[in-house]
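The following blocks contain the structures, represented as structure tokens.
Consider the two complexes below, in which chain A is the common component and chain B and chain C are the respective partners.
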Partner chain A sequence: MSIVLEHLSKVFGGHGVVSNVSLEIADGELFVLLGPSGSGKSTVLRMIAGLLDSDEGRVLLNGRDVTGLPPQKRGVGFVFQHYALFRHMSVAENIEFPLAIRKVKPAERRRRRDELLDVVGLVGFEARMPNQLSGGQQQRVALARALAHRPEVLLLDEPFGALDAKIRAELRRSLRRIQGELGVTTIFVTHDQEEAFELADRTGVMNFGRLLEVGPPMELYLRPQTEFVATFLGRANLMVGECASDSVRLGSVRFPLDNQITSTGGERRVQVLFRPEDVAVRDSPNVLAVPLLGKAVVEEAGSVGSLEKLRLRLPPLPGVRPISPPVPFGVDSILVDATRSQDQARRYPMEPGDEVWVGVRRIHALLHPGLSFLLVAGGGAGREAAVDLGGEIARLAHARVTVLGLGSKGSGVAERLDRVRERMGSGLAALEIRHSSAGLADAVERETGRQPFDLVIAGRPPEGAVEAAEGALGRGEHHLLVVPEGSSIPKSVLICVAVGEPGKEDVHFAGRLVRHVGARATILTVLPERSADPARAQGERFLAAAARSLSVLGVQGETRIRKGRVLDQILAEFREGKHDMLVLGVPLVASGARASLDGHAAEVLKEVRDRPVLLVRSRGSE
Partner chain B sequence: MKLPFGGPKRREKKGRPRSLNEPPLVRGLLTAAALVFILLFLLLPLGIVFAKALAEGWGMYSRSVFEPYALRAIRLTVLTTLIVVPLNLLFGIAAAWAVSKFDFRGKNLLVTAIDLPFSVSPVISGMLFVLLFGAQGLFGPWLLERDIKIVFALPGIVLATLFVTSPLVARELIPLMRSQGSEEEEMAVTLGASGLQTFLKVSIPKMKWGLFYGVILCSARSIGEFGAVSVVSGHIRGLTTTVPLHVEMLYNEYQFTAAFAVASLLTMLALVTLVLKGLIEWRASLRGEGK
Partner chain C sequence: MSGRRGVLPGFGLAMGFTLWYLGLLLLIPVGALVLKAATVDPEKFAATITSSRTLAAFRLSFGAALVAACINGVFGLLLAWVLERYDFPLKRLVDGLVDLPFALPTAVAGIALTTLYAGNGWVGRHLAVLGIEVAYTPLGVVAALTFVGLPFVVRTVQPVLRDLPAAIEEASASLGAGRLQTFFRLIFPELLPAAVTGFTLAFARGLGEYGSVIFISGNMPMKTEITPLLIMIKLEEYDYAGATAIALVFLAISFAILLVINALSLRSAHPVRRG
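Let's turn to the complex of A and B:
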């Protein structure tokens, strides 16, 4: 392996710019690191080059740990977006610079320089100054310079970002050829998915500092596992349907799936993806030999070069919630994007307003169903904290968010919600703002009845935290995060489990959340003071299984066993380990009944007043 | 102060668009006003200096310039400049480096402090050194005991000149370095250059023109500085008089021709400075450097 990154993290001003990125890149591979601006991809590259120190984790180049080494000793070639040619040196001097630094003899330097000028196609440009070259030529010189000292690893930071489309395409071909000829292991950072498709052996998609998925670009396009990757790579029709073992139901139609989905913890909802080219459109249902979604109205139609793009509007389907393309607020129909070849478009012309039948040729279910959060705002002290921290976590988890404002009309709720909307506006999968003048328990129950949520996030009231938590847990299926004033994104999470608990729902859900916020996890179980060895062995096995399921999610976790009184030991571990979030499983008394917190959960919630506490509903022996 | 070559110079080949042009009358009046001003306040005095200097012929001119006291004044001025300029170069690079590459507490304070000598009257700067190092000053007795002379001697003149000219190099470099960023340095480092190599082979050449310009301004000001030096010099003819002080003394002694002859040297220096500055700006814009 030429490049190995192990749990690389970087924090700027309290924000995790890169969290827990692990990656292995093979010899001679061209790897494209893809992500929107601000996703941390350039930061990763700079940490590999040594231009930035990592806060955590290791960088290995060809098996050599270079984490503590200065950039000079790492032997990498780096290319910046804005070329960074030495403006006072000629092309020849620029390319020879790394050789001159290494005291290579002039004759050898000239030979290598001529070789490289030939490779990048700039023979005869030796004497030019950088400002006498076009942008594309400057970037070729920068590439030649980065390769002059025969680096083991080539790092390119959006190298073609400042160039126009035609030159970009030309340079992409040159780069692919040069990289293939020299066999130098390369990481190419870009926000342009087209570059990923054209260049990459494999590509990794980053968002909010986390590396979400890694694979060959077409594989990620056809079979993404996360909502973000599905919508970032190409255009996507994404919706939530109901899942069965080998098929998915959208409305009344069953679609066979191209992949097996392993249903986690009794999830019945599943996100499914079909690309615009997977959509079949005709004027009659009988000529379509694929499962039908229904009858739609053509909303927009237009040609872009070799393809015709259609946007279709389907009536609402029971149990189906559209995610992408996004549907405007207050509209309950479903939008579907489709593309057809120009040949098809000529043969079966369609105009906006036409009624057509829509079928789907191929459908793919996402492994990770998207998260959806309900944030409770207002209604007393501590409730703003829920919106702040909840919004931040939702951004990291790419979750859909509904903000529920509590308070009677005229109490300033509307103004407060407007501010919330402004603050949270960007970076969320979806944001809906609602208002209720009912009390916490009733309002949450009404919302969760309208639409299921994975997590309710509520502020911790100064008094009566346990009663409020019981109210917010209510009858639904959701978990609850209780947030005290002044909480920030957790970095270290303590997950408390009881040996032999029926499900591992608590570990699983907490693991997903922890992965999204990029924190570390510790799994703790407490045994009675005088427990026998078999009990201890059982405890260890249980914790090992829990740690495994965390590592499957990509979360670094360690395990702890303590003996003594449960409450004391949990609190002791929480304080000693300097953890900043606590996760507790809450067994459901009976399905459909109101939750009641008794025993440890209530005691812990009373004691831990200054850190967020996540109460995860265990599904019991359903 | 204008940044000498901040940003690419776009020569406007077609001139301003008509919509932005003022009527010919306004243009003509403005241009005429500027020309008259330049003629009255710049060219006329300049001409008078040379006319007066040569009023009694070349013989008198060369006698005035080459008489021993004048030569000594020139020597002292050159010596002061040779000491002050390199020191300011060091200070300027260090200050500009600190301000443009690092973030630290009190950075804005430092930037303001760098400009301080500009906002203080030179006379007061000079008095400051007298108060510090003079016989009745803060360190006066201590210096007296050890027989170290600062005020009314070369060290005082150097210190006063240094103080007055200290912002010049830094002021040139700070905006230049800020606009240039540090990508080239980062590049050099990934290519294997050490910190010192990066500084010598990349950073210094990058700010070359800014440095030249700063040095020219700094030299011109050190040679011409009057106020601060006047206070600390003590006007000992042939020992602590610089060229400007020498001119003043000749003038006060009603030796007008000699005064103007020596003054013409300073005037020519000013012209040389202008020409050099113009040349540098022209070269920099020609090579597209300093961007």
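Let's turn to the complex of A and C:
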């Protein structure tokens, strides 16, 4: 392995820009690190080069731990977006610079320089000054210079970002050829998915500082595991359906799946993806030999080069929630993107307004179902905290968010919601703003009846926190995060579990949330003071299993067993361990009944007044 | 450049105004000086210029201005570096202090420096112990010129240093260059044109400086008498021809030196070489 990254992390101003990135890159591989701007991909690259120190984790180059070494001693070649050529030096002097530094003899320097000029196709440009070259030529010089001292790895930070499309394509081909000839292990950072497809042996997709998925680009395109990767790598039709063992139901139609999905934690809903080219469109249902989604109306039709793009509108399907393409506010139909070859478009012409039948050739279920949050805003003191922290967590978790504003008309709730929309608008998968003048419990019940949520986030009122929590939990299936004023993103989460089935649910959901916010987790179980050894052994086995499921989610977890009164021990561990979020299971209630918090949950909620408390509800119980 | 519309109206108008403005401010006074000099008897002219007192004044003026500009070149670079690259308490105050020599009346500066560096002054007292005299010696002239020339190099180098892409230093480090190599091979050559400009300005200012120097120099003919003062003395003696002659030669030499430095710095600022 030429490049190995182990749990690399970087924090800027209390904000994690790179969280726990681990990666192995093989000898001679061309790896493309892909992500939107601000996703932390350049930070990772700079930490590999030593231009930036990592806060945690290690960097190994060819088996050598270089984590503490300065850039001079790492033996890397780095190419910058804006070339970073030395303006007062000629092309030849630029390329010879790393050799001159190493006191290589002039004759040998000239030989290597001529060799590199030949490789990058700039023979005869030796004497030019950088300002006499075009952008593309300058970047070729920068590449030659980065390769001159025969580095072990080559790192390129958006090298073609400042160039026009035609030059980019040309340079991509050159780079692919040069990298192949020299066999130097390469990491290429870009936000352009086209570059990933054209260049990469393998690609890794980053968002919000986390490396989401790694694989060959076409593999990630066809079989992504996360919603972000599905939508970032090309256009996607993404919706939530219901899952069975080897098929998924969208409306009344069953689609066979190309992959086995292992249903975890009793999830019945699943996100499915089909690409525009997987959509078959014809004017009659009988000529389509694929499962039919339904009859749609053509919304838009237009040609881009070799393809025709169609946008189709389907009537709402029971149990199906569209995610992408996003449906405009107040519309309940489902939009589907399709592409056809120009040949198909000529043979079966379609225009906006035409009625057509839509089938799907191939469908893919995502491994990780996306999260959807309901944020309760307003309705009394202490409730704004939910919007602040909830919005931040939603951004990190790439969750779809509905903000529910409480308060009678004229109480300023409309203006408040406008501010919320402005503040949260960017970085969320989807944002919907709703308003209700009902009380907390009724409003939440109405919203969760409209569409299911994974998590409701509500502020902690100064008084009656337990009653408010019971109201917000209500009859739904969602979990509840109670947020006191002034909370920030948790860094250390205490998950309190009882040994047994409901405990697994707690660990699973809390683990997903903890993974997204990039926190550490401690799993705690409390045994009675005089418990027998078998009970203790069972507890230890359960905690070990829980820690394993956390590590599968990419969360570093510790385990603790305490003995004594449950409430005392939980509070003691929470304070001593300096944790800043508490996770608790909600007592089981009969299906369809309102949740009632008694015993430990109520006591803990009363005691922990200044930190967020996550109440996890067991699902699938009778 | 035909066909390209600039912000200002037509080349003719802009050029015409520039010439008129330069003429009014610069060429007419200098022209008058040259005309006046032309009326001077050549023998008298030569005698004035070659008199040992005049030559001594020339030597002191050019020598002290050169030394002061060199000192400012080195320490101005250092000051600019510290102000741009480091954060420290009261940085803005220190940055503002750099401009003080511009704002302070030169006479005030001269009197302050004299008080400090005189044999019984705060600084001069300790220097006297070491056998170094500053006030009333050529060293004092250098001190005054260094003071008034301080802002030039700092202010010309600062913006260049600020605009220097950080990627240059990062590229250098990734290519294996140590800190000193990066500074002397990459950063210094980038700063050099600006530093030369600052040096030239400080040198020019030093040549013309009058107010601050006359207090600290003691104005002894042959020893600490600067050229501007000599011209002043000639005028006071109603020796207009002598004053004109010295002024014209002083102007010509200054102009020639500035022209040479500018030509040199122009070449290093636009390094276009063909092979």
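We take it that the second predicted complex is superposed on the first by the 615 of 622 C-alpha atoms of A that agree within 3 Å, B and C clash if a C-alpha of one lies under 4 Å from a C-alpha of the other, contacts with A are read in each partner's own complex, and residues count from 1 in each chain.
Convention: a contact is a pair of C-beta atoms (placed from the backbone, for glycine too) under 8 Å apart; a residue touches a chain by one contact, two chains touch by 3 or more.
What you see is a predicted model, and the numbers here were worked out from it, not measured in a lab.
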(request) Quick one: on chain A, after the overlay, do chain B and chain C clash, or do they fit? Just give me the call. (result) clash
(message) Just checking: does A:L51 make contact with chain B only, chain C only, both, or neither of them? Give me first, second, both or neither.
(response) both
(message) A:R145 in the overlay: touching chain B, chain C, both, or neither? Say first, second, both or neither.
(response) both
(request) Name the contact category of A:I101: first (chain B only), second (chain C only), both, or neither. (result) both
(request) Determine, under the contact definition given at the top, whether A:Q72 touches first (chain B), second (chain C), both, or neither. (result) both
(message) A:V248 in the overlay: touching chain B, chain C, both, or neither? Say first, second, both or neither.
(response) neither
(request) Quick one: classify A:H82 as touching chain B (first), chain C (second), both or neither. (result) both
(request) Go through the superposed model and pick first if A:S90 touches only chain B, second if only chain C, both, or neither. (result) second
(message) Under the stated touch criterion, which partner chain does A:I570 make contact with: chain B (first), chain C (second), both, or neither?
(response) neither
(message) I'd like to check the shared interface: which positions of chain A are touched by both chain B and chain C across the two complexes?
(response) 49-51, 70-72, 74, 76-78, 80, 82, 84, 86-88, 97-98, 101-102, 129, 145-146, 148-149
(request) Would you tell me which residues of chain C are touching chain A in their complex? (result) 165, 167-168, 170-178, 181, 185-186, 189-190, 271-275
(request) Please give the residue numbers of chain A that touch chain C in the complex, ascending. (result) 49-51, 70-72, 74, 76-78, 80, 82, 84, 86-88, 90, 97-98, 101-102, 126-127, 129, 132, 142, 145-146, 148-149
(request) Spell out the residues on chain A that touch chain B in their complex, using ranges where they run on. (result) 49-51, 70-72, 74-78, 80, 82, 84-89, 97-98, 101-102, 129, 131, 145-146, 148-149
(request) Sort out for me which residues of chain B touch chain A in the complex. (result) 183-184, 186-194, 197, 201-202, 205-206, 208, 287-289, 291
